[in-house]
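Multiple structures are listed underneath, in structure tokens.
Below are two complexes that have chain A in common, paired first with chain B and then with chain C.
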Partner chain A sequence: MIRTCAQSTLRASSRLSAISPRLFLRAQSSNALTKTQPPFTFSKSGPSSVKYTSQHEWIAAHQDGTAFVGITKYAADALGDATYIELPEADSELEAGDSLGSVESVKSASEVYQPLAGTVLEGNESLNDTPQLINEDPMGEGWIAKVRLNDLADMNGEELMSLEQYEESLKEDH
Partner chain B sequence: MLGAIHTKALSRGAYFKSRCFRRYVSTQTPLELDSTARDENYADLNYMYTDMFAGSDVKSPVVGTGGKEGLSEIDQLNAEISETYDFTAQPLSGHELEQVVRSAGRFILKSLSNNPYYNLALEDYVFLNTPVPKEGLFSSERLLFYVNDRCVVIGKNQNPWRELFLDECSKKGYEFVRRKSGGGAVVHDLGNVNYSYLTSRDLFRREYFNKQIMNWLVHAFPSASIGLSPRGDINLDNKKVSGSAFKVAKGKSYHHGTMLVNADLASFSGLLKPDFLKGIEWSGGSVESVRSRVTNLSQMGIGNTDTFVDICTEGFKYLMNENMPVYWADESYTRNAQICETISHLKSDEWLYDSGPNFTVSFNGHTINVEKGIIKDSTISEGIGSHFRDFVSLLRKNKHFKTDIEI
Partner chain C sequence: MIFKRLSSSAALKKTALYDLHVQLGGTMVPFAGYAMPVKYAGQTHVESHIWTRTHAGLFDVSHMLQSRLEGPGATQFLHRVTPTDFQALPAGQGTLSVLLNARGGIVDDTLITKVADNKFSIVTNAGRAKEDIAFLNEQVQGFECRWEPVRDRALLALQGPEAKHVLGSLVAGGLQSLQDLYFGQRRSFRAGTGVEIDVARSGYTGEDGFEVSVANSDATDLARMMLENSAVRAIGLAARDSLRLEAGMCLYGHELDEDTTPVEASLNWLISKSRRDGSLGEFNGFSHIMGQIANKSATRARVGFKYLGKGPAARTDAPVFSDEGKTQVGHVTSGSAAPSLAGINIGQAYVQKGLHKAGTQLFVGVRNKIFPIQIARMPLVPSHYYKSN
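What follows is the complex of A and B.
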């Protein structure tokens, strides 16, 4: 699905030579952050950086060091209908790679990891009553945790991928 | 029975071969030359064979196995085979387990233990320690088999009081267990065998492995009415014989399932709660079980769990196109610190009772709100702040008030 999307995007963009393929992909990708929800609207100018992990988490960091973490559209689609989201407790101090929570969907329990070291400010309580938000808007309303990063500069770490790199990794794997 | 022995012999052979990379030749002449054969006319021929079997290129085994190093390789192989036919499986040590699990490559692991905590901890150990290559193809699929003694097992995100008649389970001798995968409550006994297929997260397809099992069963028993339910479970005569659950973490995934072969289904009744019980209401995020009618594979002629394991062992080798090794695990021998820690964790009250989703229960006009196993809010004020599990046992003794509701 994603491959087809990307391919047709590329085809389309080669016709529309005025638009760079990169920008076009960003506008079209379902793994891009939803612009109308807190992960994006938390600060006026939007997040200063959005990155992706190989475990299919996204992290959107704002200038003040606050970041939102969730799972990508690709991951949410692969997991299927979510029935329960295990949220992290506020004030937990997590290292990069620590378990942040988990998503149960159709009998599978999937771990979600903290992409970068930081302290949990809150879990997204609306997922308690409406776990389906993970499927409906995983890149926005279905955010899992709000954290304070230990160091905003960690967003530039080599382990994290840009949207383009993430989409590229999906094409390689599948 | 013969089938079982045959497969075990195969398994042992594969185990032996993969561990040691041995050639099946002896450092001694494999046949005694009698006096007539010593005829000089045949000397060249005879010595040619002697040289062939005991040439200088025959090296001693790459890896010695304790106590057998003095024997020729053929003798060792023979000893292995005779061990096989006596059948005492030789389990991996904790250290050997670590080596095979951490190295890339496929294998099958069969547990000799019937302890559910050990078996789940062993599975978790293999899952967490299987390597995932940074680049390139994942080629470390693993298949585990274990049979648990009587127990009721709930999913990671379930509420035990909502799913189980805990008193009845304990009265009938069914241990209460919470697993790390998702899904609903199931009952195990020695007539049920569990399979666990491990692969990478990228290769995770929910229905893939049950489809394989279904194919193998159909191949072995063409006339049996085997199929997959809409939920991906394996059905026999439209009744469920197998339940599945999945776990995804650290770039890997496993699909584990139960397979009822000759379980004592009659004694399972009264252990799992129905969807609704009069007089009590539960709410909260916990994952609910889907109740199904069940039957045994024995209905189609598979008499014991070993037969099912053998069918899957052969099917899996065929599927992967690889005569992969089959290892054995024994509770008292195949263990290490990590496995022991997981066993303690799985047995702890925190994991069993407190780790599920928050919930609210209402009965007899009372409402109790529980978060992380602790009563946060309640119309029975004495209970606030205590563990719900402790409160329930007080309730059973009617310490707080009379109720005929069983929680």
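What follows is the complex of A and C.
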């Protein structure tokens, strides 16, 4: 069974990569944004930019300057079962690097940092009742905060990574 | 979001079960100088925890220091370093106790089993091995007995409601032969094709279960036999800690240290009534500890607590306040969400005497916010020990 899966993946990958290596990575990566949830569906055409931090946050910005922030699948897997998510309060004005909240597992608490300067519009209240969303869909339904960026152009800052760069950094991490 | 990367396990010691842990997909982390599994592939921390409470969990606790004490002066020696009556303890019975320094502070907590008169089997913490060895070697001078670490045996803990069926199916006498082995007792058995094992009905989870001492050379076979039973899963250190916290048990370095007496640690029950007048020999720190009992002069007490609402868990060193965050009256020693209590936060703390009674409402501070808690009787999750009455 396992071998069958591996073989079919292999076939699919060689076909896809012939078309576009980048597309392939995006299709395969568990750290890619979920397409059916608000961080993606907020605008009809999807976010204008999705970036990653070295601290394992993702930020998905839309054309109007609204952005969603969460933690990556890689981070959620490493933390294990989320038991409580500390959400930011609406209207908090945060600089890049300020604490946005925290993700608690039974074993530990991990701070989540605001990737770019902006104002918090809302925390994801569904995490109050269902912190497991962080594990089930960290790249979508488990988004942590919706913020208004001070400047959409900050998304092009050098500190942030593309999905490809982020995946590459994870390999170096191992 | 930062997580600590685990350093290479190159210089770490390995237990006899190391290869098995790796085969089972164990995430190996450094713990007390050993490479130990914190969790295993295919189960989350919470799943491992719940599995142990509902089925049976197998824990490798071989990193703990097993030792033996023997000689005509062995009981007398234990009466110097512990506050427990080992003369009255029946052979085949074990008890929790503490090793005490001259100030009555706790050098380590320990499980000591009387194998026969003046012959004892001792288990102490891995993280305290260096200190315990130095302490015991120094203290044993002048007593007519010999204390020595046991280096060739592994220790497996099988814990949970199905543990007795699992072990019962492996020992020569079957489940029947475990029926008169009560909590705290220890006996030798033969498992499988004749593996000699020493079985103590004890553990660190609050569940019925066993701690099995077995020769290193037989340890992997024994563990595999247990794991063949579908009721058994290998469980790592992460769940071991959340299970013991719910069970109200102490973790050395958190609830206990060399500046804390058993009275302050709410462990008076370890100080046998028959040891309190000194007639069986005064233990280390006798006058200080007995003074705390007689004069009720201890100023703090170890307590358990539960959150009254939701919030981030109060972890080690979080402050405890008597009112809305103004007056600090204690500090948290361990804390996390309790998987067996639908994830409500629990913990243990030291608080000022007078504020230690069950039902007392206090507050904990977590990252500049405060959350209401209530002092709760321990264990925080009911225990299921197999007792004779």
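Here, the second predicted complex is superposed on the first by the 157 of 174 C-alpha atoms of A that agree within 3 Å, B and C clash if a C-alpha of one lies under 4 Å from a C-alpha of the other, contacts with A are read in each partner's own complex, and residues count from 1 in each chain.
FYI, a residue touches a chain if its C-beta (ideal position, glycine included) is under 8 Å from a C-beta of that chain, and two chains touch if they have at least 3 such contacts.
A quick note: this is a predicted structure, and the numbers were derived from the prediction, not measured.
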item: Superposition on chain A - do chain B and chain C clash or fit; value: clash
item: Chain B versus chain C as contact partner of A:Y84, first or second or both or neither; value: both
item: Chain B versus chain C as contact partner of A:Q55, first or second or both or neither; value: both
item: Partner touching more residues of chain A, whether chain B or chain C; value: C
item: Which of chain B and chain C A:N128 touches, first, second, both or neither; value: both
item: Partner chain(s) touched by A:I71 [first = chain B, second = chain C, both, neither]; value: second
item: Touched partner set for A:S110, first chain B, second chain C, both or neither; value: both
item: Contacts of A:T41 with chain B and chain C, given as first, second, both or neither; value: neither
item: Shared chain A contacts, counted only where both chain B and chain C touch the same residue; value: 55, 78-80, 83-84, 86, 102, 104-111, 128, 131, 173
item: Chain B - residues contacting chain A, complex; value: 155-157, 180-184, 201-202, 204, 206, 244-251, 253, 285-287, 357-358
item: In the complex with chain B, residue positions of chain A that touch it; value: 54-55, 78-80, 83-86, 102, 104-111, 128-129, 131, 173-174
item: Residue ranges of chain C in contact with chain A within the complex; value: 1-3, 5, 39, 44-47, 49, 238, 241-242, 310-313, 315, 336-337, 339, 343, 345, 367
item: Chain A residues within the chain C interface of the complex; value: 55-57, 71, 75, 78-81, 83-84, 86, 99, 102-113, 128, 131, 135, 173
